[in-house]
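For reference, chains read A, B, C, D, E and F in written order, and residue numbers begin at 1 within each chain.
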């Protein structure tokens, strides 16, 4: 191939490869979706069936996952909280307060 | 005292005769005017100012005679260009800023992203017909991909001697997308087609968004290893974004890091635009070919959009096809605007984002195929 | 037309036979799976995601055949690793993020930081017994220090051929500290010991906090010059933090700069994990030795904690000893959690921060002694 | 030493050095504390004895200290201000506002 | 057991005899004390802390024997200094932070910025008279320009052997501007002159602010190409600021990028201050000449201010002349303070900003003329 | 010139060049001002004369301005907000306040 110098041929070959690769990628995305649905379905089923059993069993063993979900949704709450607390502290008499961060310790 | 004034005159004369005013040639002057015009377009008209401003400034600096840029910071920046360091870093930031959700929701839009690459190959064909080498033609064609970093990456590898012209053409046309595309889009579509409203997009899960960049990296890099650093960095940046546990890295990738690299890449690109290298007939050819590539790419995207519209029983608005040339997010906005002109309330933006980001991948793939054919 | 299809087939075949799918060997596939597993641990399980994510991604990219990473941005990143540029810069950011106050308030905790290095030397012993060279054994041992940048720095200097395995082991175990340490801690302490509440820490003046990094730099660098860039950068970052007049520099050191360098360091570390270099029996040995080092270090810290508890007449809770392995601030949090489990309301965190940051210095010193013995 | 290859000996030597260095560092910290206490004590004494004499004498000679305290209290004022404004904005209906900086133009 | 203790003793002795404590000479000790004093000035007294802190820390680290800084991150930083990469990048940030409005509103202030360079040339004269080479004399003279990056840039090009002394002198005197200038200013002006109130400044349009950096770059770079990277970067940063369409780049240039480069530049400058290179009679001469340059520059600015006051019929307060030495914005503040002392409510700050930023350009021009005379 | 070694001569030559360059630059600034005034005047005249004719003609031809107002309204809301707050702060006694940005977190 490296020897081909016919512009038309080059054009067609390249275009064909680009289409093939992107079409292949679209198949890959469909496969991901398929796996996602399987995993999601099985998880949902599992969650319904074993939720009360699994969770307490896992909780003491792994403190990490406990920390993660706690952090995400709280982010926005925290900011509101910071403002509220700042105001409260200022009402308390401190004049120059800045709250750098409110961290929930795991 | 006479000796004093004599020495004084000699000294002044020496400074003057060493200065650029004395040595400067007509090409330098023309290029400074080119730089000034680009600055006007960037700042006065708002055409891709983040890139055209430093490119234009670099163009001016490159045409200061005896500027000594063969050492110091300007040399370091030029080496960064020459060593292909900057485009993948920009792509990491782009990845961190990109939401591939619309593409994942509707993978068919990848085909629109592929169709829009037709402009690349038509320009390649034209360039070869005009007498450019195949490597140069490939680098010229990529202008039609409307992805600056990919164009610079490919030009650096295949035809560094025309890097300046390619970069300027790419960024100029990218900024002109709102002027170039609408006539083509209206010419090739009926009003009825433009009025098509597209349904709500399906929800894309976090799992899909995280797996997508990983699998895409592997699948494409294996097939086209020459672009593995481009695709890899694009997808690593996207993974930083979607993983939700690396926000620090995502934030730096899409701010401090990409801004710093943008300054260097754009300034360094401008530095390649010395008058003697830029002011050639080839440059005008490149600029014309770039425009052809843009128009053909837009048309190919719209035409495949029409085909998909027909095949889907009228569910797909062909206007989103033109977004496949990338120029994120401007081309998608053009689709949105044209859709709304045909029918107020027609909201195509999210649907056009699919082909839009597909066009980024498509252009990288096109670069990969051309590197596989013409590269080292 | 026949010639056309013939040429077409030849071209497609050429792309395919140049591609990674054709060349890839079993080792590459295994390493991609390893990369995927590490990504799952990083993103799905939250194990040190800032480091494991780019390491794992680099691991995948490194196993794309013909990826061309001997030039371009990936080569530049690998050179940065090879030239030992990144770890000291990370340490500058770490210093800017670290409060040495608890250590200054209670300098005895430095001994806990020293004790926890016992794991380093036990692993070194084990590695030499297993047939590793003394340089490799030193680099393996340092995994037990639970300081990624120090481990990478030492491995680069003494045994670059096993850098990938060492980095992965170090960061993996660091993320597993909450699983590895508690059983060891409970095994070696009585409930009564774990219930000990520690008094309020004394106030540390700004003067002390500013003088500490300066004097520490001089004292340790003079004795162990091989780690002067590590200790120097750590303490310079800390000085930026504590001086209160260089907030701009402190801010950049602990944000844009450390994030950028983290991306490069971690990605570059991952790039060393090509299948042929990684998939050896030695790697498994390294991973086992790393675990031993962690456990022994934890145990040694707790045991010295018990001694100090006895000597202090029961004022020191031995649980803070395990924090001496560093892995800031996770190990200190483990001490806190175990203390609270034994007695709700028992607040050990600040007291555990002393040994925790002492462990960072201790591991740097251990690296320095081993460089003095085996380096250069 | 560079010739030693006995793992046990290497282990003990290294461990001894690590302990020695960190113990030495703990002594250094104690010395810093000692100096700190002396300096602080003497400063407190000096301040009590000479405050009214020294300060007016120095003030006109060095504008730098004038500039520094000028900046510092303002900084703290600003922080109070940010909190006040944040609260005000939130009252205005914006829920998740963050004021990056309030700059006084020179 | 005897063999064990023997080997132990040998090992300890070996570590000790390799350590800095054993090898260190008197010069190293003196330089560490110099470093500590500089740290005290920076942190305790607030003298240019952003620069003196890392310079002083670098000075200490440079005097650790066997520190191995011929490789690793410290070597990379030193190479960045040696290759003249950092000063133009700092200037880009400075440009992004600088408002040239007051200068554009009153272009006569450029002459005050020129007059203040008289100190530079008097020091050059003095240095040549004292036996320095003309290149060294030029580098010493530039201390009087009160622009750190320009001084480092010129010293790197013309006399790298005295870079440390020049940088320390430049930044020290810059921080001492509030002590050095007022006596000179009061000596040369009458109270009546100091009481002069200056009228409101004219409005400067956005057009002027955008065109100014572009035209200045071209005009000065053409005449003095040797400083085109300095002037170019300064003005590119200013263009990022004034164009209002490149805020991302302006923000990064004046934060993450300038902070990172400041750390590297200042630390690397400190690293040149090894005892053997610094502790020479020449250093003392340089420090004395630097002070002379500052005083003469201040005086020349004030004297030309008096002339302009006379020519303008008393509309210009001569106190703004001293701001021409740059040291932005400290020298302008000194003018303001002295004006207010003479007459409360006298507001000179904005008027003094004109000569102040003119002094930056003036010093760059002075560096350019000297490079034209003595450079390569 | 490169041969001159007379310090006094060097000093005078350099000083002369510096003065000449900066004086030249001051002329350049005056020229910019002059051009600015011409452009501004002509624009004002043109705007008065042709405003009603030009604007409707251009609008449909260029979608760019359409895109800009799409982004602008939100931006303008913020600016209004900034202005409101700035006024509030100034009422509070601060004279030269500039709010750099008010960021809404998603």
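Just so we're on the same page, a contact is a pair of C-beta atoms (placed from the backbone, for glycine too) under 8 Å apart; a residue touches a chain by one contact, two chains touch by 3 or more.
Quick caveat: nothing in here was measured; it's all calculated off a predicted structure.
Chemist: Going only through chains that touch each other, what is the minimum step count from subunit D to subunit E?
Modeler: 1
Chemist: When subunit C meets its copy subunit E, do both sides use mostly the same residue numbers (more than half shared) or mostly different ones?
Modeler: Mostly different residues: under half of the interface numbers shared.
Chemist: Measuring centre to centre with CA averages, how many angstrom lie between subunit A and subunit E?
Modeler: It comes to 48 Å between the two C-alpha centres.
Chemist: List the centre-to-centre spacing of subunit B and subunit F in whole Å, with centres computed as mean CA coordinates.
Modeler: 28
Chemist: Taking each residue of subunit D in turn, which ones touch at least two of the other chains?
Modeler: Expected reply: 1-2, 4, 13, 17, 84, 96, 98, 106.
Chemist: So which bits of subunit B are touching at least two other chains?
Modeler: 11, 14-15, 46, 223-224, 245, 255-256, 369, 373 - these are the residues of subunit B that touch more than one other chain.
Chemist: So in the complex, the part of subunit A that touches subunit B is made up of which residues?
Modeler: For this pair, the touching residues of subunit A are 1-2, 4-5, 7-8, 10-11, 13-15, 17-19, 21-30, 32-33, 35-36, 39-40, 68, 72.
Chemist: Can you list the residues on subunit E that touch subunit F in the complex?
Modeler: Per the stated touch rule, the residues are 103-104, 107-108, 110-111, 113-115, 117-118, 120-122, 124-125, 128-129, 134, 137, 205, 207-208, 211-212, 215-216, 219-220, 223-224, 358, 361-362, 365-366, 369-370, 373-374.
Chemist: Can you tell me which positions in subunit A touch subunit C when the two form their complex?
Modeler: On the subunit A side, the touching residues are 1-2, 4, 6, 9, 12-13, 16-17, 61-65, 67-68, 105-106.
Chemist: Which part of subunit C faces subunit B closely enough to touch in the complex?
Modeler: Answer in residue numbers: 11, 14-15, 18-21, 24, 32, 36, 39, 42-43, 46, 49-50, 53-54, 57, 60-61, 64-69, 71-76, 255-256, 259-260, 262-263, 267.
Chemist: In their shared complex, at which residues does subunit E touch subunit D?
Modeler: Spelled out, the residues of subunit E in touch with subunit D are 4, 7-8, 10-15, 45-47, 175, 178-179, 182, 329, 333-334, 337, 349-350.
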